[in-house]
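Chains: A, B and C, in written order; residue numbering restarts at 1 for each.
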Amino acid sequence: MAVASPAHAEYTMIPDEPRTITASGLASRVGGVLEGDGDCVIRGVATIEDAGADDVTWVASPEILPRVANSRAGVVLIPTDCAAPEGRIVIKVHDPDSAVCKVLAFLAPPRDVVPPGVHASAIIEPGAVVDGAAVGAHVYIGAGVRIGEGTQLYPGVFVGMNTVIGRDCALWPNVVVREGTTIGDRVVIHPNATIGADGFSYLQRDGAHRKIPQIGTVAIEDDVEIGANTTIDRARSGVTRIGRGTKIDNLVQVAHNVKIGEHCILVGQSGVAGSSVLGRHVFLSGQVGVSDHRKIGDGVQVAGGSAVLADVPNGQTVRGSPAIGAVQFGRREVALRKLPDLIKQVRELSRRVEELEHGEGG
Amino acid sequence: MAVASPAHAEYTMIPDEPRTITASGLASRVGGVLEGDGDCVIRGVATIEDAGADDVTWVASPEILPRVANSRAGVVLIPTDCAAPEGRIVIKVHDPDSAVCKVLAFLAPPRDVVPPGVHASAIIEPGAVVDGAAVGAHVYIGAGVRIGEGTQLYPGVFVGMNTVIGRDCALWPNVVVREGTTIGDRVVIHPNATIGADGFSYLQRDGAHRKIPQIGTVAIEDDVEIGANTTIDRARSGVTRIGRGTKIDNLVQVAHNVKIGEHCILVGQSGVAGSSVLGRHVFLSGQVGVSDHRKIGDGVQVAGGSAVLADVPNGQTVRGSPAIGAVQFGRREVALRKLPDLIKQVRELSRRVEELEHGEGG
Amino acid sequence: MAVASPAHAEYTMIPDEPRTITASGLASRVGGVLEGDGDCVIRGVATIEDAGADDVTWVASPEILPRVANSRAGVVLIPTDCAAPEGRIVIKVHDPDSAVCKVLAFLAPPRDVVPPGVHASAIIEPGAVVDGAAVGAHVYIGAGVRIGEGTQLYPGVFVGMNTVIGRDCALWPNVVVREGTTIGDRVVIHPNATIGADGFSYLQRDGAHRKIPQIGTVAIEDDVEIGANTTIDRARSGVTRIGRGTKIDNLVQVAHNVKIGEHCILVGQSGVAGSSVLGRHVFLSGQVGVSDHRKIGDGVQVAGGSAVLADVPNGQTVRGSPAIGAVQFGRREVALRKLPDLIKQVRELSRRVEELEHGEGG
């Protein structure tokens, strides 16, 4: 049962004024070298095109430096080996992309934080260990659950019995994690995602579908991120596994017994059917489907909207529905564009051959 | 914290008997002219084909009037300039489609209504202003939230800190709206939708994906409707915007920094990738994908299942994967149907040319 | 209001040790004939390739028996008419697929069970009848709801007014069922699914979309299963119907007024648009779309990723986007592969015909 409720004044940060930082403050925060007026005040981060006078923007690589000419940005982060465009306040850094992440983190507005302890309205079943975790309002935690230090469960989260969650995770509101799931450290699960629902598998007997018990589990390794309203099914037996560092976008379906390797990216609305195996560093773009029992090699890239029906060897880029090599797909697209003309050409050729056959030609 | 709980007798309407209305009552309610028996009793609304004797049906335009001949409908709403089919009870109205909406609204059965005030089980953080709103059971409202008069939050809704919601909105059960979101008036968000989860964007460094902080927000303008289990991500910085009057169906993905213009329609399971911009009155049919950083002009229509990979100028209709002009797509489909025959024709032509070359022809 | 809360010790099973069973125990449990060491201890079920020494595996049909040679499985379930591979512990059964389901059910680890009665934190409106049901934490049940004996509502479920749910159903956490829905017996609805949200239909007037009231309902017949984060919309008027025994996977969209026949299968991320009708035993593979007002006959099979834009007669298998007969699709794919070469052939033929025309040939 609920153990202790923190005072409500502690429950969330009271919103601050929007943060600001000067150009010189920025330079020291990102470890860069400032050229220009250090007193310029920055309130936000924006792209080269969208930035205003109180925004910082960034130039990831020298070839896009000329685009800065038309930008209204107050400060520009540029690579160390670039010359500052005239009249600009710049900060030279080794890696502008990483530097801008530091700025974003600094300028981030306050957000809801679940304070350590258990909210009075949360329900914790016997045998659950949540010391050091932060359990929000209306959370339900089943028997035998173990949750690591620093992990936040936002309001409305359900954690089924015997699930183990590591340290410093965030389960956003209304996430459901069913029984027996294993979740590593620093895992983020966005709102309304469902982890560990039954896999979809039936036996057809006498014209009906009999449910095959789904007694396996889900294992989510360290540093995985799982998008809002995404579903990851438990295995029939054994485990559905999401490898370390893999990032999954919103509304993605990962079926029972799928294994996804380390550091993969699954973009929104993609889906992987039962028992398929993805290697390391696989990239599925949006709305990609991978059919069941397939093997997708390391480093494979799949273009948006493709349907992968066959195994794909390491390192390949595939595209189409059914997916084929991207080069072959490109050639086919070019050919398709010519097809209506080709039909006319063949009709014309046929006429000419007929004329030749009847000796009406030359 | 919870302020006051209304008596439970007030919490929902007690279900009425199903409503009925006579033909003459209907006529006065829709401002139409009755021809035929005004005492005929109507209990429902149905299509021409499905209607029974106690249903009203409607004829949107004169050319579908002949289909009424086989309908069992008790009453028919027809356009003012149509002649009543013989033996039918009709109501002549200026706009039958609008009239039938009025009838539907009148015949609607009772549904759950959250009464004004805050349910005893809801959690409201300090500094939130919800006067005049209706806050249901197990709702969580973060610090600094402001909710307008007449807005209903159904049970299980989460509203993150500093979010501002206008008047007369409905957030159906288990909707999650994260911190800092701005929502206009008369916005409807269906169950289990997620607004303001982090955008999906990472920096690749040393073979891993480092999260780029997502410090922007979401703005949803007046009269927008958002479907069940749909996800709309917050911006990296700046704002993800849904324009006034736009209607979004279920299971749709709208990524970070997308801008959707006014009065667009996004049908179920469509998705728009990061930073793309849709004009006004854009129509995305079901399961359409729009890739990132694209510009889709005003009035563009995209056929179901298409993948839009390029910018689309105002007013175009596109189709296919990758999407091309609809006319071009149609021509290509016709050509594709001829392709197997074309291959045979070319083989035959080749043979005939060979014969000519060897002087066996003519 | 909440009526009674069971003691928390009863609320969930305390996790057991993992279950084990001997080969002879297995044989008697599945009604099979053991050949080999009956004392072999089994802890799990796995495929032929994945099984270890304490797993049972199964051979569905004689032709896959040779694959057992390389399996490490401790026990193998084989069809009665197969000879046991040498040195193997086997159990001969009439139907290995069904037998393995019995084993899975026996070896299943404990899972959360909602005990009969109403949790103290649940909210039950007046006039709801839930005797014999099991109502979990933070559940909300509207006025006039009736729930049958043995049905479990997991934490966070919302059931809108006047909904009727049969016996022995399971509504997993955070499921939302809106008002007036009818659900049969033994129906399973997975987490975060949404039943009965408004259909997506608008009237275009003066450049804006006016909402058409959605006053119909949803009817879900006996033995239906509905996946996590799936959405089934209420009808505009009348009913959206899911036929007996139909199984629907995760993230599927079923629009307003759709009728789905008995014993259909809808695989993940498929969608059926408004008013379409599916017959019995229809199979939609993953990411299939069916457009609105279509009629899909009994036994129709649709390949993954297809877009069905036209009616499909009974028994057909279709594929593609737009979907065509599977045989025709196969022929077209073969032809497409030849297209780039065909273009070259025609160019070459054209040259040769020109030569013939100019008398440069033979």
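Annotations for the structure displayed:
Methods note: a contact is a pair of C-beta atoms (placed from the backbone, for glycine too) under 8 Å apart; a residue touches a chain by one contact, two chains touch by 3 or more.
No experiment lies behind these values; they were computed from the predicted model shown.
Of all residue numbers seen at the subunit A-subunit B contact, under half occur in both copies; the interface is built from largely non-matching residues.
Rounded to a multiple of 5, the Cα-based rotation taking subunit B onto subunit C is 120 degrees.
With each centre defined as the average position of its C-alpha atoms, the distance from subunit A to subunit B rounds to 25 Å. Residue positions of subunit C touching 2 or more other chains: 121, 138, 156, 174, 192, 229, 251, 269, 287, 321, 336, 339, 342, 346, 349, 353, 356. Contact residues on subunit C toward subunit A in their complex (touch as defined above): 8-9, 11-15, 44-46, 50, 95, 97-98, 100-101, 104-105, 107-112, 119, 121, 136-138, 154-156, 172-174, 188, 190-192, 223, 225, 227-229, 245, 247, 249-251, 263, 265, 267-269, 281, 286-287, 304-305, 321, 333, 336, 339-340, 342-343, 346, 349-350, 353, 356-359. Across the interface of their complex, subunit A is touched by residues 1, 121, 123, 125-127, 138, 140, 142-144, 156, 158, 160-162, 174, 176, 178-180, 192-194, 197-198, 200, 202-203, 205, 207-215, 229-231, 233, 236-238, 251, 253, 255, 269, 271, 273, 287, 289, 291, 307, 309, 321-322, 331-332, 334-336, 338-339, 342, 345-346, 349, 352-353, 356, 361-362 of subunit B.
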